[in-house]
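What follows is subunit A paired twice: with subunit B in the first complex and subunit C in the second.
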Partner chain A sequence: MSEKLLEVRNLNVRLKKSGETLVKDISFSMEKGQTLGIIGESGSGKTMTGKALLRLLNPRVFETGGEALFCGRNLLALHEDEFRSLRGKALSMIMQNPMTAFAPMTRIGKQLTVTLSAHLAIGKKEAYERALRALRDVNLHQAEKIMRSYPHELSGGMLQRAMIALALMLRPKLIIADEATSSVDAISEEMILEEFMKIRAQGISLLIVTHDFGVAAALADHILVMKDGCIMEQGTARSIFHAPRHEYTKELMDASVLAEVNNHAQSF
Partner chain B sequence: MAKLVINKLIALVLILIGVSLLSFFFSSISPVDPAEAYARRTLSRPTAAQVEEIRREMGLDKPFYEQYFSWAAHVLRGDFGTSLLTRTPVSAELPGKFAATLHVVLLSMLFTVLITVPLSVVSAARKNGVFDQVTRVGTIVGLSLPNFWIGFMLLVLFAVMIPVFKIADYGSFKSLVLPALAMAIPMASSAIRVFRSNLIHSYQCDFVIYARSRGLPERKITGLVLQHALPPMVTMLFQYFGYALAGSAMVEAVFSWPGIGSYLVKAIVGRDLPAINACVLLIAVLFVLVNFAAELVNLAIHPTMNASREGYRA
Partner chain C sequence: MLRKIRRNPQAMAGLAMIAAILLTALLAPLLAPNDPNAVNIANTYARISAQYPLGTDEMGRCVLSRLLYGARYSLGIAGPTLLLLAVFSTVVSTACAYIGGRTDRVFSALCDVFMAFPPLLIAVTLIGSLGQGITNIIISIVFSMWVWFAKIVRTFVLQEKNKEYIIACRVAGCSDLQIILGHILPNVLPQLIVYFSTGVASIVLTVSGYAFLGFGFETGTPEWGAMFSKASSYLYGHPMLLVYPGLCIIVTTAGFNLFGEALRDIISPEEA
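Then we have the complex of A and B:
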């Protein structure tokens, strides 16, 4: 049996003020090197799940319960300092909108090197070299120029790749990608999917949060279908695509296919 | 950059012409006749003929545009005329008065920044907490009190009841503190409200979540947030600087400070036309220059505002 990387048990997220539960006691697990796709429509709780695992939800607004064992350690109960050393290093995130993810007033290079020096005891020069290499590794040519640029000077696709470079720089065990392709154009989407394929090939686990069956089909080994904060269905990608058991999964797939057909129709 | 400076200079010239015209126009429609006021001050019982003579000497009998052009021609040569009250050239009096005002205003700006930044950062980081609530009440009080009243209270408290600071002792640092504080409190009160909400908005931005997800320490994140919330504040602080320079009269009056504000008020009361026009012109120049400086500083700290920088896209 292969090694468990992440085991989520009864994860729930609740709004403190109204008491409304947004993610309801969900449980799932990921093995090392596995790619898991969480699929669902807007408001299904999929992004909330990703953010809860990284403890990025505002503790004054949300209350998180349950367990999330990452390499045997409960992410939700770790001390803040201990958890911070995991974030970015062992656990990385790729945000939905690359245009707003980077701090607008800081050069890309600085944002990369600051992340490196937050986790590693390396000098400025070494950090710069590593960041440069990371950008080149995701096929960003003219990496020096990108390092000198401010986020608004780069395109969405370039920023998305810079974000992938940043995620890979610290050799994480798990990358959580939240709708990583939904804010970029079709060509960039293809390139980003290629990068994700490479990440998979390196044996890094991926948790892909998406509403797009196409993306999930291209990348995921396992799929988890969410609706209204609950898991409707989970299984291997093959079983979900070929024999969906739940009505909702079928509906979602049909809607996705319809959207594809519509896209094609528009392109003619 | 050169284009920006040229545009600003053209705007400055236009503004100065407009401001001086307005100042001239309002002086001319004022019901008090400066010639008569001057005559009454210098002669015990001026006759109509004497007033007329003074009017002619002062050039006030000429048409409006002639008066204006003759004044403008002198100003261009650095001659603002002679004060009707003190009979010394206005150009000799202004620098000293201006320096006095500048000292107070600069110190008040320093106080404003020193009060605003830490209080806003703590309030924003602990939104709706006790500290935030207390600061909010404090800023409302600070905003609703006029600065001359604050000045008066400070004066009574710290110069009379507990004589820590000196007053009416122009030249010493101790005499600067209270007037500067009186100016700074209302400015800081409104700046805190703006800066706090800017910071709260910045804290909710995506880049903060992303920075946290990368495990950056909280002080680095605070740095990013400050950098993001700063540009609108810089514009605002520079504007305050301009307002403080132009509107220092009240506080100067309370503390008997020999600055440009109290000089202007005396000139207005005494119908001292050359002094009024010179002060108005100086304040207008300062205001435009301060705003221009705000733009330059913003360009330097805010890369997205720099339109001349070429974007790089593959």
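Then we have the complex of A and C:
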């Protein structure tokens, strides 16, 4: 039997002020090395779920309940210091917009090395070498130049790969990718998908939040379909794509196919 | 960094002006042709001459010598005051804005209370209770002006802390201190430098306001603000007595502003 990496039980996210529930008692689990895709339309609660797992929701605005057992430890109940040591090292995230996910006034190299130094007791030179290797591993060949660059000097695709390098540097057990391909062009998307394939091959678990069925189909072993904060359907990628049971999943797939056809039509 | 400063004409112009004022302050005893406090009632409002290159004032004192010595007092007050103001308001505002929630609300309310009183009123109250003297003048200026700086710092920090890269830093496991020192401050500092540089003129003029109320330096001290303030009484008869200290204040302020703006351009990569 495969080992459980993440087990989410009755996760719910509620707006404190209005009392509105945005994520409603959802439960799912992930095994080690598995790739789980969360699909849904905008406002379905998929990003909220990812952020809740990483405790990125402002506690003054949101109230999070339920359990999220990561390697047996409840992420939602861990002490802040303990949780911080997990972030980056065991749990990582790839943000939606690479252009805004790097500090604009700090060189890429420094941003990578600072993250390494925050977790590992290594010197500056060692951190620099590791960061350089991480950039080369994601096919950024001019790694030295990229290390010296500011974010605005790089393209969206390069920045997204730099972010993947940043996420991978500390060899996390789980990476949450929130719409990681939605802000880049088609060529960069393909390159990023290739990087995700490599991450999968390394045995790192991926939780992919996307509204793009193509991305989910290319990467996910399991799919979770969300609507209005609830799970509509979940199962293996094959079962969801070939025999969707829920009407909403069918509608979503039809809409996705329609969008794809429209995109192709516009390109002619 | 130094190479970038050398290559930036605006930075060099600003630095040259600051250096000129600093050198004047340092070398005042060597450069001054006369004793700045030597009163000569028989020679008031003297015209420009070899002995008095910029003439004399209403007490017959050498204007040039007073201006040269004045650099010491004006910069001696403006420099430490600005440094204290910048450090105090940056530290307090950044901490409160970053923590947010109730802490920030209380801090903001405190700022509003301070802002409700005119700075001069706060300063006069403080000097009245602390007594005169250069240290007390600095303390009173810091207390009367810090809130204006603090509000600006708070605005910049609030804008910055909600940006996506800060979330990315948290995801990467950076501590709050690492985020503040490594990311928020370097990103807000360029704008702050420009704003802080404008404080030099305000401080010099505030000190002159104190002199006018009798709270500043002792009467007769050759300080630009006091000279400017005193000369305003003779605006129509002897306008140059107003122009000289005014020019000194303008040059100092312009020097700091030019250098501050250039420094912002130098350390802001997207604007370089």
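Going forward, the second predicted complex is superposed on the first by the 268 of 268 C-alpha atoms of A that agree within 3 Å, B and C clash if a C-alpha of one lies under 4 Å from a C-alpha of the other, contacts with A are read in each partner's own complex, and residues count from 1 in each chain.
Throughout what follows, contacts are C-beta pairs under 8 Å (C-beta built on N, C-alpha and C of every residue); 3 or more make two chains touch, one makes a residue touch a chain.
What you see is a predicted model, and the numbers here were worked out from it, not measured in a lab.
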* Since both structures carry subunit A, what do subunit B and subunit C do when superposed there: clash or fit? -> clash
* In the superposed arrangement, which partner chain does A:K145 touch: subunit B (first), subunit C (second), both, or neither? -> first
* Partner chain(s) touched by A:M158 [first = subunit B, second = subunit C, both, neither] -> first
* Answer with first, second, both or neither: which of subunit B and subunit C does A:S92 touch in the superposed model? => both
* Touch check for A:F70: first (subunit B), second (subunit C), both, or neither? -> neither
* To do: Quick one: classify A:V114 as touching subunit B (first), subunit C (second), both or neither.
  => both
* State whether A:F196 touches subunit B only (first), subunit C only (second), both chains, or neither. => neither
* Do subunit B and subunit C touch any of the same residues on subunit A, and if so, which? -> 54, 56, 84-89, 92-93, 95, 97, 100-106, 114-115, 118-119, 150, 152-153, 166
* Which residues of subunit B touch subunit A in their complex? -> 205-207, 209-217, 220, 224, 227-228, 301-304, 309, 311-314
* Asked: For subunit A, which residues count as touching subunit B in their complex?
  -> 51, 54, 56, 84-89, 92-93, 95, 97, 100-106, 114-115, 118-119, 141-142, 145-146, 149-150, 152-155, 158, 166
* Structure fact -> Per the touch rule, the subunit A residues reaching subunit C in their complex are 54, 56, 60, 84-89, 92-93, 95, 97, 100-106, 114-115, 118-119, 150, 152-153, 163, 166, 170
* Residues of subunit C defined as touching subunit A within the complex -> 100-101, 163-165, 167-175, 178, 182-183, 186-187, 190, 267-270
